[in-house]
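Worksheet: the structure to be examined is printed underneath.
Labels for the chains are A, B, C and D, by order of writing; each one numbers its residues from 1.
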Amino acid sequence: MNPIFDLTWLVPLPPAVACALIILVTNRNKSLSSVIAIAGVAVSLVIGWAVAFSAFVDHDLAHHPVNATLFSIPTGLTDIDVGYALDPANALMLFMVPFLLVMIFVYARGYMTFPHHLKAADFPEAHAEGKDPRYSRFMAYISLFAVGMLGLVTSNNLITFFVFWEIMGLCSYLLIGFWFEKESAKKAAFKAFVTTRIGDALLFIGMMVLYIVSEPSSLSFADLFSEDNLYELGRTYANLGFREVTWVSIITFLILCGTIGKSAQFPLHVWLPDAMEGPTPVSAMIHAATMVSAGVFLLIRMYPLFDRALHLTSTSTYLVAGVGAFTALFAATIAMAQWDVKRVLAYSTISQLGYMVAALGIGAYVAALFHLLTHAFFKALLFLGSGSVIHGMEHGHEHAHAHGHDSGADEHASGLIQRPDGSLDPNDPQDMRNMGGLLRKMPVTGWTFIIGGLALSGFPIITAGFWSKDEILAVAFEENSLVFLALAIAAFCTAFYTMRQMALTFFNRGRTEAADHASESTRSMTLPLILISFFAITLGWIGIPAAFPVLGPIGNNWLGHFLEPFMEVIHIHVLHPEFNVVPLLVSVAVALGGLGLGWLVYGKGLPPGETDPMYRAMGPIWQIFHRKYFVDELYDATVVRLSNFVSSFCASIDARWIIDPLVNLVGKAGVWLSALAAAADHLLVDGLVNLTANFMRWCGGVLTHLQDGKVQAYLVIAMMVLGIWVVLVGMPIVLTLV
Amino acid sequence: MAEWYQVLMTALVGAGVPEWIATAVALLAGVTAIGLVAPLIALILVWLLRKVISRIQDRIGPNRVGRFGLLQTIADIVKLLSKEGINPSRADFMAYNLAPILSVFGVLLLFAVVPVTRGLIGVDINVGVLYIVALGSIGIMAALMAGWGSNNKYALLSGFRVVAQLLSYEIPLVLSMLAVVLYAGTMRFGELAEQQGNFLGLGWYVFLMPGAALIFFVCALAESEQTPFDLLEAESELIAGFHIEYSGMRFAMFFLAQFLGGFVFAWVGAAMFLGGWQGPGVDLPGIGGFLAAGYMMIKTFAIYLLMIWVRGTFPRLRVDQMMSFCWKILVPLTVGLISWQMVVQVLELPTPVIAVLVLVGNLLVMGIGLYAVGRAIRQEGFRTKRAFTPDSLIGTMQPVAE
Amino acid sequence: MVPLQAYLTLAAFIFSCGLYGALARRNAIAMLMAVELMLNAVNINLVAFWRYGPNRDDLAGQTFAIFVIAVAAAEVAVGLALIIAIYRSRKTVYLDEIDLLQG
Amino acid sequence: MPELPVEIPIPTPHQAVFIMVAVATGVASLLVVTNRNLFYSALCLVGALFGVAGVYVLLEAEFLAITQVLVYVGAIATLITFAIMLTRGIMFGVTSPNNRYMFAVMSMALLVFLLVAGVVDRVPWAVAEDLTLSGDGKSMIVDLGWEFVTTYALPLELIGLLLLIALVGAVMLARDDE
């Protein structure tokens, strides 16, 4: 085995050190803090890539994946071996995650300027520095976030996996609510936390069930995925009352719930769009590199179970495929009707995650992982690009107001413009209706964003997104035509809304002053964009199907060859989809068609004041899309209101009706009894005590004359006593000697 | 017992004298010899000191009484003895008068154990080295009594200083001597000298233990109250020290005690570190014994001359410097040295290796000690302060430009 | 040869002197000195018994004497420090005036 | 020579020396506790300690004698003298140097002496026949050293610790707080 693999456990360590260092030592120095945070992930990157590339060239790794124990936590019956694992799957993650983290960290260093919702007077120092007042804290949080993701990737058992999973949950809460002065951010953080908690709780139950029913009881991946254990899990049944179900189905369902929560699948997808309230680097982290990928990665990690379930009963994997495909389509339609530049991307993320989940549901393990990788890159690129756009817009806004358009600070509150296709805040730097023509103002951001957008929409041949999406579609075409159909439509929608976004943002002419005065972002923000865009194009070439005309033999499907031996080792059924020209053509068609339609509709731009052309065409359907199928409203009306009612009912029981009065009664009785006891104490006990004390004092007064404090008097007395003893006892003894 | 005693006893008993009378006579002879020789030595020492110091200070020194002023000391003694012995009023009679006697007594007792040649030692007791140290405390008592008995504040202060200084420096002194004792495995001066006889009588311990020898020398200076440790008679601070009130004969006795004290430490140093009477040719029949005695005296006087040299060149330490030098430099160094040597000797290595290791330890101690002293000097900043730099000197000599 | 009894009697005499001094002298330093005398008396006994005892190769007597000397040194150091401290605070070293413990 | 009723033995030199040393020591120790002047008491103590050292020499324990001089005269007596000087402000006074138990204690001490002397005189001590020492003094010192590092190693360490603690404690106690 390659000794470099032993370094795997070191990968999550540097950000942890950086986090501790920032919190404990350097939190006063913002610049130094960011340098430390970047250095932390950079070290992780170096180690991680060293490990990852060693793994890529090591043909033996697939057959003998690394599974090493660092230390053991003794539990009642078994030991939990905490350690690290390295196999082709997480080697790929180790290639992707640290790189994107470094890019995002570098980006964040430039991005975290003094935010607009704060008053300069409240934080004069931070304002003078031009940085966020909690800059260092942000760096510490994202470092901890990096720890969570890297640790999760390198975990060799489910329990540490879950620990790091929860660390990420915590960090997402802290980071989404990072600008907690904003009411919306506070709420979004709360919403994200609570929503993901539902999934996590179910996942935890799944873990417990898994621990109980697997033989031996363990949460180590190596133990869980042994042939015997998988066989047992598929063979034993649990009685659910109405029917008997194999354990593997129950467990996979519960694990899927965890993924649904974390990867924002329907119906727990509601937190993700709101999570846009966090700073953009956080959005990039959550959507691209870390948190939502973690959900998919959970599925990938636990895939042997799903595979087993797929070949036994198919119920839960149909569920997986169904959830994925539905979410993909569902979110893609919503994304078509959003105005917020980041919100479009958020729904796009949900949609793409749906792709991955659906892929896993139909058994396309390699394709899912492939899409996970490529998506991470181009989605990170898009998010960082959109952040750059927002930054440019904000800058332009300030610039516009600084030159002649200064109508006072209260212009911020100048009110929303009500429009049939959604209300518009003319100062909102994130609303696409306020943008336009930014390509000329921000060329680097623009071109990299377009590269990312084309990758997302699956522009044929040259982009990474095309290859991964095509592979999913190819499998789906063979396995399940319904899923294929849904995914194809979703792909069309994806291409459409991507073109809509690019057109509205970058082409034509600016629709506001801010857009006209926007300027390119700083080097530390554009540099990551350029670096990531390289991968957004090239990464697809690792997975070109071998049968693809012309290109296939060149690329030779490196990814497939890399992963397939490993899949056999962990007992996953390997699919070899026949090369079929139909899905390929469909894929090309929907991508080009969506882009084309989008260009037709939005290519001429959106004149100020004019409503969305699609709204004009579709009317209420568009409105449903725009309002996200009213899911939030539904939840408000049911879950939230119900829990509010239950809470207030319980509060009343507690405070007004039963418990408080009872407590008060007991309290009053206690006070009365105490008064009684005090009286007895005072009269009876004190009297006795004083009597004793007085007696003792009198005795002491008598005896004090014996003790005059003079040392020689004591000595004389001692000598005399000794003398008496000698005369009475000692002398007779001595005399016997004589 | 030393050989001379046996020789004398044999002779006396052979002549028919009863044994106990012979014993008494022999002992008395030894005592008398020491009691007479020591003051005579002191005469030479005083002359030597004055002459050498004068030379160091670019003077001629005593040159009137006798040839080269050789009789100057005798003249001084006569003067001192003929002076009035003053008893200060309200002085403590007993302490005042006992102190000078005790101080001479304490020094003379030391002469009993130092060797002249093989077989010519007052008493070669088996704890000779310890004896030297123990009897040093009589000097302390004497100084304390003098300081107290004089009923004089300066004298008392000086007495306190004596105690502090002598008690403090006794520790590194003992430990440096212990280094030799550890290596030699004996405290008998006779044996110590015998053991340094290898290499043609040049196997001196000073070559093996330069560090211990250096520390011993420094402590000997302190113990015999010589420059740079002559704080107890620092004229600028204490007028004259604990013997401020003494005059005439009693003063002479203190004087004597001090000179002999220095000399006896030189002697002990010569015996312990410079090989005693050992030297080339001491085993020759006939002249060997004389040669040995000559070597012994030459070495002793060499060390004493070194002391005089130090006396003539070194400035006096401040009292806090004196104490911190002892406790912060000498004591840790000697403790380290002793520990090192103990470890080395316990290891049961071959003898040459032990010797080399001991030498290494000593050199280390020397290095550290000298470095520490140098640093202390730099910190204290009592380097020679020039009133002007050479540059300014040149400047004054330049012709003024017209 | 001097008989053993002579040493023991001498020791007894010194011990009695020490006893008297320790109990009768008012000055704390004097008392300390008397205690030293008593310790020395004991030491004489220890060494005498060693010298006259049947087994002189067993050096327990001398060893104990040395221990006693060491303990005496410690005792004097602490005792005198105490006396100085008391003198500094109460301006007296007379034992019958040092009676803070008097009830 | 007519027979005397009581035979007065002629002392040997050794005995003569012992008598001298013993008388000197006894007188000195008596003076220690009777002298009114504390400083003289201390001087007498030095004398008495020297006497005890002499007794050790007579008992052929030279090492012990030298140790006695080194520790007692060199250190303890000096310390006591120091303490006397430091507290000299109240040394001379009209008050008696002895407390009110003086006579009782005196008689008690006398009694103790007589009692012990009587017992010493009467007890048939098991004195060895042959009183010569085997080996020379050096071997005895070596043996003593061995005893200290073998049989009495623990007590030796404890004594060292005790001395250290005593030193530190003494410094702490006697230090001027200003």
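Everything below uses one rule, namely that contacts are C-beta pairs under 8 Å (C-beta built on N, C-alpha and C of every residue); 3 or more make two chains touch, one makes a residue touch a chain.
Keep in mind the model is a prediction, meaning the values are calculated, not measured.
Chemist: Which chain's centre, taken as the mean of its Cα atoms, is farthest from the centre of chain D?
Modeler: Measuring from the centre of chain D, the most distant chain centre belongs to A.
Chemist: Between A-C and C-D, which chain pair is linked by more C-beta pairs in contact?
Modeler: By number of C-beta pairs in contact, C-D is the larger.
Chemist: So which chain ends up closest to the centre of the protein, judged by Cα positions averaged per chain?
Modeler: So the chain nearest the centre of the shown protein is A.
Chemist: Between chain A and chain C, what distance separates the C-alpha centroids? Give it in angstrom.
Modeler: A distance of 81 Å separates the two centres.
Chemist: Go ahead and note the Å separation of the Cα centroids belonging to chain B and chain C.
Modeler: Centre separation, chain B to chain C: 34 Å.
Chemist: From the C-alpha centre of chain C to that of chain D, how far is it in Å?
Modeler: 8
Chemist: Using CA atom averages as chain centres, what separation in Å is found between chain A and chain D?
Modeler: 86
Chemist: Among the residues of chain C, which are close enough to touch at least two other chains?
Modeler: Within chain C, residues 19, 23-24, 95-96 contact more than one other chain.
Chemist: Could you pull out the residues of chain D that touch at least 2 other chains?
Modeler: Chain D, residues with two or more chain partners: 12, 63, 67, 75, 82, 99, 101, 105, 108.
Chemist: Residues of chain A that contact two or more other chains, please.
Modeler: Each of 712, 716, 719 in chain A touches at least two other chains.
Chemist: Linking chains that touch, what shape results: line, ring, star, complete or other?
Modeler: Chain contacts: none of line, ring, star or complete; other.
Chemist: Where on chain D does chain A make contact in their complex?
Modeler: Within the complex, chain D contacts chain A at residues 99, 101, 104-105, 108, 111, 115, 119, 122-123.
Chemist: Going by the contact rule at the top, pick out the chain D residues touching chain C in the complex.
Modeler: Per the stated touch rule, the residues are 12, 14-15, 18, 22, 25-26, 29-30, 32-33, 38, 41-42, 45, 48-49, 52, 55-56, 58-61, 63-64, 67-68, 71-72, 75-76, 79-80, 82-84, 86-87, 89-91, 95-102, 105-106, 108-110, 112-113, 116-117, 120-121, 125-128, 131, 133-134, 140, 143-144, 147-148, 151-152, 155, 159, 162-163, 165-167, 169-174, 176.
Chemist: Which chain C residues qualify as touching chain D in the complex?
Modeler: So the residues of chain C in touch with chain D come to 1-2, 4-10, 12-21, 23-27, 29-30, 32-34, 36-37, 40, 43-44, 47-48, 50-54, 56-57, 59-60, 62-63, 65-67, 69-78, 80-85, 87-88, 91-96.
Chemist: Taking the complex as given, what residues does chain B use to touch chain D?
Modeler: So the residues of chain B in touch with chain D come to 20, 23-24, 92, 94-95, 98, 125-127, 130-131, 133-138, 140-141, 144-145, 148, 156, 160, 163, 167, 170, 186-188.
Chemist: In the complex of these two chains, what residues of chain A are touching chain C?
Modeler: Those residues of chain A that touch chain C are 700, 703-705, 707-712, 715-716, 719.
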